[in-house]
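These are the structures in question, set out in turn.
Shared between the two complexes below is subunit A, which has subunit B as its partner in the first and subunit C in the second.
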Partner chain A sequence: MTHYIMRRLLSFTLVLIGVSIIIFFVLHILPGDPAQIILGTQATPEKLANLRHLMGLDRPIIVQYFDWLKGVFTGDLGHSISYDTSVASLIGTRMEVTLFLTFFAIFLSVIIGIPLGIFAATHQGTPGDYLVMLFSQIGIAVPAFWTGILLIYFFAVKFHIFPAGGFIPFSKGLIPFLRSLILPTLSIAIVRASVLARMSRSSVLEVMREDYVRTARSKGLSERVVIYKHVLKNAFIPILTVIGLQIGQLMAGEIVIENVFYLPGLGQLVMRSIGQRDLPTVQAIVLFIAVLIILINLVVDILYGYFDPRIKYE
Partner chain B sequence: MKRYLKNKNFLIGFVIVSLIVIMAILSFFWTPYNPNKMHIRERLKPPSMRHVLGTDQYGRDIFSRIMVGAVNSIFVGIVSVGIGLLFGLFFGAFAAYSGGWKDEITMRIMDVLYGFPPVLMAILITSILGPGIRNSILAIGIFNIPVFARLTRGSFLSMKERDFVQAARALGDREFVIILKHIFPNIISPIIVQSATQFAVAILAEAALSYLGLGTQPPNASWGRMLKEAQTYMRLSPWPAIFPGLAIGIAVMGINMLGDGLRDIFDPRLSRLGKK
Partner chain C sequence: MRKSLFFKVFLLTILITMFGFLFAFVGYGAQKPVYGGKLVVAIPAEPPGLDPTSNTAAVIDRVVYNNVYEGLVKINREGKITPALAESWDVSKDGLTYTFHLRKGVKFHDGSDFTAADVKYTIERNTKKDTKNAHPEFFRVIKKMKVIDDYTIQFTLGEPNFMFLFNLARGDSVIVPEGHDADLKSKPIGTGPFKFKEWARGDHITLVKNKDYWNPKLPYLDEVVFKFIPDETTQLAALKAGDIDVVAYILSPESVPDIEADPNLKVIKGGVTTGDVILAINNSRKPFNDVRVRRAISYAIDRKAVIDGAMFGYGTPIGSHMSPANPYYVDLTWVYPYNPAKAKELLKEAGYPNGFDAVIKLPAPYKYSVKSGEIIADLLKDVGINLKIELIEWGQWIQNVFLKADYDLTVIGHVEAFDIGIYANPKYYFRYDSPWFREVYHRALTTTNEDERKKLFAIAQWILASDAVNGFLFEAPSLPAMRKNVMNWWANYPIIAVDVTEVWKAK
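And then the complex of A and B:
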């Protein structure tokens, strides 16, 4: 297991380096001068030169990259131009919303999606199966932010059950905190649960056709034992793969959902920063979210090794 | 042909996609109203005989704007899938054919690109190039590249050593001819199916980007943008927030069904396992 984890960590580091190169170079290679973007077209050449010097843009690009990377490793993500504070502290204050939303959305999509998929597979061809497939077909097709808008309309505007937006921190009480996150979580989870239900169904169906399942049945084991002991155990790995692949989409979806519900998280901060041409903040948040995606994938990868010992020896 | 007509998914998907394409083409010549013309007196009207899907906050006809928005979505889908196909096929084939460290490096670069969902890539690109449809297409296109590269590489690797490819090689065919004449026709089916999936992903991503204000810019109609504007006036009228979302859902569902149908037709073994 240690060898497997080490290998995963090495590939994690390589991908991290790749991500940092892309984020840094996209902002520096694309046509457009960051100083000009920040100061606008009316800026005088002196002011531009001054800002370029201040941001270190007049140094060789490789030096700039390594300086930036060094900063990232020491927790210095730069200085926000629009908020006049360190980007790291800005991210720190906005992280609560995003992290809770991510956790709740993953949790809810797993507890809705996987049982639905298993139910559909074990009831293949029945009206229940068709109903689940219909739910997942619709869930995959509609954008999460539209689901969010409809949820706001019904549960906030029409029936006043939940707030239409905004965030109440955990420190102000558990119930108001949960109430402020329930609609955004649902908007993301409905879409993700649909994908998970579909994938769980097909992976359970696939396992149910394996020889060892037929053997288990022919031994006279009850259907319950066959499903829980033989099918689900083996269908779990592909389902875990899907959960891992969903993380990126889920985090990206969150950026949109935070803007739908006016949640003061990283998604809202990054959009405001684009509007205010605050490039260091945009760069740092994109890096932060990308690293979070890779990190969660690393955890999923390590879990594979734990659940399926064969993977470790590949 | 019979196989196509017998497949329910394909048929329903084909009808939905055809209707949307017809609606988009028609919008070049005719729309019930000028989609950008404001009629303040007619603002936020519910669906009626006069305006079948109602009007938005400026009194613009929603149906006309959905028709024009369809052009936008189809355009983004075609170009971004085109970018993904062009570069993805090239990099995938290159990796599979080169093997060794060239394969390793190419695929690791693809892994890194795949780690960037379109919205994240669009944020990065638009923060420097500014918002607009061109930059959102670029972001979605870049996301599509590793998807097609992985698929092409896998398919190429499985075909490269097949008997008929070896036979062509033994007969002295050049590698380029082998790829074009023998390998490519055999890997085209999964690529077509994946193109449908990525087309649907592109429509959803474009809608999200336009909703965030990074994609299509006003006053041009885009389904995502229409939803953004409608949200503000939802207390006064929910209709402008309902129909553009329905249009996105129906379009994506149609394309997904078309893709599912094509997959079942090309590879009947998969259809027995349910939707993959």
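And then the complex of A and C:
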């Protein structure tokens, strides 16, 4: 197992280097001069050249790349041009929103979606199964922002239970913090739970058809033991893959939900930085997200080994 | 005897009626302002910095102008120049020398005193070679600057310049304290009624009452929070839910009836801004370099259809590049009434009997622009001009349309107040080159005769209309929406500002 982990870490590093090169160079090809965006439309050519020099944009691109990489390893992710503050602190504050949204939404979708999927699989063909399928179909088809707006309409505008949006940081109190994030979390969770429900159902159904399940039943084991001890563990691998993917997606920032609920999350930061051609910020965030996703994949891969010992890594 | 009694009763009746009216007026109008409270205002965009003297972005002015920063003079809600950091000023008869008498006892938010030295510093910072100020030309007209004493400063211009005082009232000209150059981008230090407290990036900016403001009666509010809410549906939901108090200007005019139906909310209608929304035409490109083609385009546009379709009827038609709120405005909407037949005739005369093809580039984030552009494309199709619509993002619009003038047509709102002078610059993105216009505009600025100035500005507007330089569409409405207890909000926005100095919240 350690052999395997070492190899995974090595490929992890190589992928990261490749990703960082691509990120850095692609952003420098984008049209739109950051100096122009900062100084505005009336800037003269000398002012622009001055600022480009100050920002180090006139150095050879390889030098800029290694300088940036050096900064990343020392924790200096650069200085945001449009926000006039350190990129690291920007990402830090945004993570409060994005981390909570991601993990709470995944948590909700797991505890709602998987049991529903199992239920549907074990009661295949019954009205219960059809009901679960119907709701999950609706949940997948309906876009998260629409659900969000609906939730806002009922719970914020009509019944004043939750705020219509906006983020209250944890430092201002646990209850206000939770209240400001419940509706966006629900909007996301409903969709994700539906996806998980369908995945779980089909995965469980497939495993239930396997010979060893028939064997377990014929051994006289109760249905419950069969399901939870034998079926679930094996059905879980594709489900785990989906969860891993979803975490990656959510960490990258649910830009639409952040827009609807005006939350200062990572997605909103990316959009604004791209629009403002704030290169240091965009580079740092893209790298950050890339690292996260690769890490999540690593964790998922390692977990596979736990769930299915058949998978050997040589 | 009877006659004199009758007369006395008559007089008494008159007096009682007069007093009655007096009390009625006093009672009706005199809702006393309430001190205190927090106001949450929603604006659609987040400023890219907080220094209006170093960046042309309008949204910066919307947060800090008149609230955190003040100039020597400022524009009030009626669009008039009023004293701010200068209590009074004298202008010499020849219009060349301005002497400003500054207010005494004013402190910046960091405790330092405001004196003429700060004015000198600000002007020099705005005119130096590598200044970040968007309009150094406003200040470069000053040939000599003299600090007479701590509270008197004198400027001598090279020639009379009518716009000089107005330019000193703009956001680009606010007075900043010495010695904070780099910090001002994210930590503004001004003399205004509100102090900057915090900028939670991506979320909001908080201002708090300046207890040492030079006007002890203002401001009324204790705290003002500007929240960034880009989505129009979300803005309204937040307003209805009571999370915010004001939406500074509604992005979706179609929601006005919905807001008015809510007993807790109100909308101020009929107000104007300085946003001249125009169909900008590249005057240097074929076939737009032919005035007949441009006139044809103007005849082909039905302003009412554009206002109704893009702004749900909210917007005032304009015939030239001037806001109806401007005292020098003349109504020139009659120059090109909607006449597609005449448009086709002119196109035929210019050599395009079957019309032609062109591209219209529209900035995607500005819905009013996109909607107007689509309606115009439809209208122009009726006369044979086929437009391909290209939606581009803002950075690209600035780069390609505004800076490189690489476009045929575009739709945009020019929010800077009184900016008709842009047409005097042949390199401006309209690429309009009229020596006659330049001459008239220059004379309007330099004459010291007010009557002559009125006539000259009227002629300047006329020249733009006659040459059909651009398609002049409408003036953007202000349309602020707020909870019913928010009082004294500006009905018009005659300058780029969201001035909350005199706003108060009733209980």
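One rule holds for everything that comes next: the second predicted complex is superposed on the first by the 289 of 314 C-alpha atoms of A that agree within 3 Å, B and C clash if a C-alpha of one lies under 4 Å from a C-alpha of the other, contacts with A are read in each partner's own complex, and residues count from 1 in each chain.
Quick note on the criterion: a residue touches a chain if its C-beta (ideal position, glycine included) is under 8 Å from a C-beta of that chain, and two chains touch if they have at least 3 such contacts.
These numbers come from a predicted model, not from an experiment.
Student: Of the two partner chains, subunit B (first) and subunit C (second), which one does A:Pro163 touch, if any: first, second, both, or neither?
Tutor: Only subunit C is touched by A:Pro163; subunit B is not.
Student: Is A:Ser171 touching the first partner subunit B, the second partner subunit C, both, or neither of them?
Tutor: Neither partner.
Student: Of the two partner chains, subunit B (first) and subunit C (second), which one does A:Ile152 touch, if any: first, second, both, or neither?
Tutor: Both partners, subunit B and subunit C.
Student: In the superposed arrangement, which partner chain does A:Thr74 touch: subunit B (first), subunit C (second), both, or neither?
Tutor: neither
Student: Taking the superposition as given, does A:Ala121 touch the first partner, subunit B, the second, subunit C, both, or neither?
Tutor: In the superposition, A:Ala121 touches subunit B alone.
Student: Mind working out whether A:Ser218 is in touch with subunit B, subunit C, both or neither, as first, second, both or neither?
Tutor: Neither partner.
Student: Should A:Leu14 be classified as contacting the first partner (subunit B), the second (subunit C), both, or neither?
Tutor: The first partner, subunit B, only.
Student: Answer with first, second, both or neither: which of subunit B and subunit C does A:Arg94 touch in the superposed model?
Tutor: A:Arg94: touches subunit C, not subunit B.
Student: Tell me the contact category for A:Asn259 with respect to subunit B and subunit C: first, second, both or neither.
Tutor: After superposing on A, A:Asn259 lies in contact with both subunit B and subunit C.
Student: Shared contact residues on subunit A for subunit B and subunit C?
Tutor: 31-32, 37, 149, 152-153, 157, 259-260, 277
Student: Please output the residues of subunit B touching subunit A within their complex, sorted ascending.
Tutor: For subunit B paired with subunit A, touching residues are 108-109, 111-120, 123-129, 131, 200, 204, 207-208, 211-214, 224, 227, 230-231, 234-235, 238, 241-242, 245, 248-250, 252-253, 256-257, 273-276.
Student: What does subunit A use to touch subunit C in their complex?
Tutor: The contact residues of subunit A facing subunit C are 31-33, 36-43, 46-47, 50, 82-85, 90, 93-94, 149, 152-153, 156-157, 160, 163-167, 259-262, 264-265, 268-269, 272, 275-277.
Student: Flag every residue of subunit C that touches subunit A in the complex, lowest number first.
Tutor: Listed in rising order, the residues of subunit C that touch subunit A are 46, 48-49, 55-57, 129-132, 134-135, 185-186, 200-203, 227-231, 233-234, 237-238, 240-243, 393-396, 398-399, 402-403.
Student: What residues on subunit A touch subunit B, complex-wise?
Tutor: 14-15, 18-19, 22-23, 26-27, 30-32, 34, 37, 121, 124, 133, 137-138, 140-143, 145-146, 149-150, 152-153, 157, 198-199, 201-202, 205-206, 209, 248-249, 251-253, 255-256, 259-260, 270-271, 273-274, 277, 279, 282-283, 286, 289-290, 293-294, 297
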